[in-house]
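Would you mind keeping the following structure in view while I ask a few things?
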Amino acid sequence: MTHPSAGSPHAFRVQIYYEDTDHSGLVYHANYLKYFERAREHLLGVSELVRLLNDDGIGFVVYKCELTFREGAVFGDSLEIRTTPRRESEFRLVFNQDVYRGDKLLVQGLVQMVCIDRDKKLVRVPESVLARL
Amino acid sequence: MTHPSAGSPHAFRVQIYYEDTDHSGLVYHANYLKYFERAREHLLGVSELVRLLNDDGIGFVVYKCELTFREGAVFGDSLEIRTTPRRESEFRLVFNQDVYRGDKLLVQGLVQMVCIDRDKKLVRVPESVLARL
Amino acid sequence: MTHPSAGSPHAFRVQIYYEDTDHSGLVYHANYLKYFERAREHLLGVSELVRLLNDDGIGFVVYKCELTFREGAVFGDSLEIRTTPRRESEFRLVFNQDVYRGDKLLVQGLVQMVCIDRDKKLVRVPESVLARL
Amino acid sequence: MTHPSAGSPHAFRVQIYYEDTDHSGLVYHANYLKYFERAREHLLGVSELVRLLNDDGIGFVVYKCELTFREGAVFGDSLEIRTTPRRESEFRLVFNQDVYRGDKLLVQGLVQMVCIDRDKKLVRVPESVLARL
């Protein structure tokens, strides 16, 4: 995986296995939300996310998401998730997340995230996370 | 499950198990798309969907979806998926799908579906399906 | 779902949706472990399992499992999970869990469960659970 | 990932995300079967598996599996799946698949695979696959 710089999106690879597909022969639509989550975690930094959760009790939750499916992926595909994060407010991050197979755009996503504490109360996005964007 | 009549939405129950949750203690966000799919299949008629696929080679695919998460569900919850279908065009169905725990609205969804044939080409929504709406 | 009595196994129904299948056209093998979990939770009592977890900090975990796959299930199938529980020791429950489509046995399973407390230490199976077997 | 040679097992990395865990805080038990499948596909060669399926109509299915869970994995873990394949007969492959976090063995697995053709009939394991073991 590579890190965004000078406006280029963060790129993350996803390999498509049996588990990802359904009997239509295509990737099951809900699974793209999983790939988006994996990509966001690498972008934000897995070890920092673990530390925030264990030490500070702060976790990320999806508030809104939108997906548009243009073409299906199949078993054996190697997809690239291209993620462009944006600080929407003190409380909200927005991620444009698109799925490519080679040059071809398969799925377009938009995911809004917020942070909650141990009591499930909304809290500000931590500075340590903002610094990664 | 009950069928919609006189404007009341189709209601479908989902029980929350270990498999549905993640380490935050809440239902993993992508899983609501699975519950929506289950509800739509019962609304449209599972046996007719199987017949369409096997005999006519026609399947349904999600074209767009939007989700807004207001509150999380937890292990042991019994949720109700309330679905209101609408014929958007000859080629597209739109489903409003909301998740309730008792009176409380947890998640709001909007799902647009289209039909494809064996060659993954767009086809009209079959009459047998429209008759169920 | 029905409760076991006089040696007859506990019966639990599972409907097969798109989410359950993979591109082979059959149910993805790992999913049978999910169906087994759902059946066990109804057999043991969901509300008691929730109470044990929240009040006593006691949860169930799988220690061992074995599966034999004889025939695959497909989209639209309505399966019956037949579960026969057994108290193996003060610390261990064993469940024979078989998957039927009508009269036909599709999958045979054997699942061993133990209980752990909040510190992930092994504890005795609670009396309230044993009373259900 | 690395390839087996001189008796050393094939090693495959799995990163643990939100999607992998359940509300106990640990990885959901059924998911290890997914990690095993991913590892086997890389060991056998994804592109050859795709070719066998598309050109020859030959797919792999799990016939039996056994799992023993010694310790749970958590969010943020990077696991190694160590796989040792064995030709059991002309029709069956057996894979020992163990899950490690560093030096610690978390889960032990044994998976038996067979091959089927388009009519779901048992066929010999293809030579192209045996050559990889």
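Each chain carries a letter (A, B, C and D) given by its place in the written order, and its residues are counted from 1.
The rule we apply is simple: contacts are C-beta pairs under 8 Å (C-beta built on N, C-alpha and C of every residue); 3 or more make two chains touch, one makes a residue touch a chain.
Nothing here was measured: the structure is a model prediction, and the numbers come from that model.
Chain pairs A-B and A-C differ in how many C-beta pairs they share in contact, with the greater number at A-B. Using the average of C-alpha coordinates as each chain's centre, C ends up farthest from subunit A. Between the CA-based centres of subunit B and subunit C the separation comes to 26 Å, rounded to the whole angstrom.
Centroid to centroid, with C-alpha atoms defining each point, subunit A and subunit B lie 23 Å apart.
If you average the Cα atoms of subunit A and of subunit C, the two centres end up 33 Å apart. For subunit B, residues that reach two or more other chains under the stated contact definition are 18-19, 24, 26, 30, 34, 37, 75. Of all the residues in subunit C, the ones that touch subunit D in their complex are 24, 26, 29-31, 33-34, 37, 59, 61-69, 72, 120.
Chain contact summary for the complex, subunit D toward subunit B: residues 18-19, 21-26, 28, 30, 74-75. Across the interface of their complex, subunit D is touched by residues 15, 17-19, 34, 37-38, 41, 46-47, 49-50, 53, 75-76 of subunit A.
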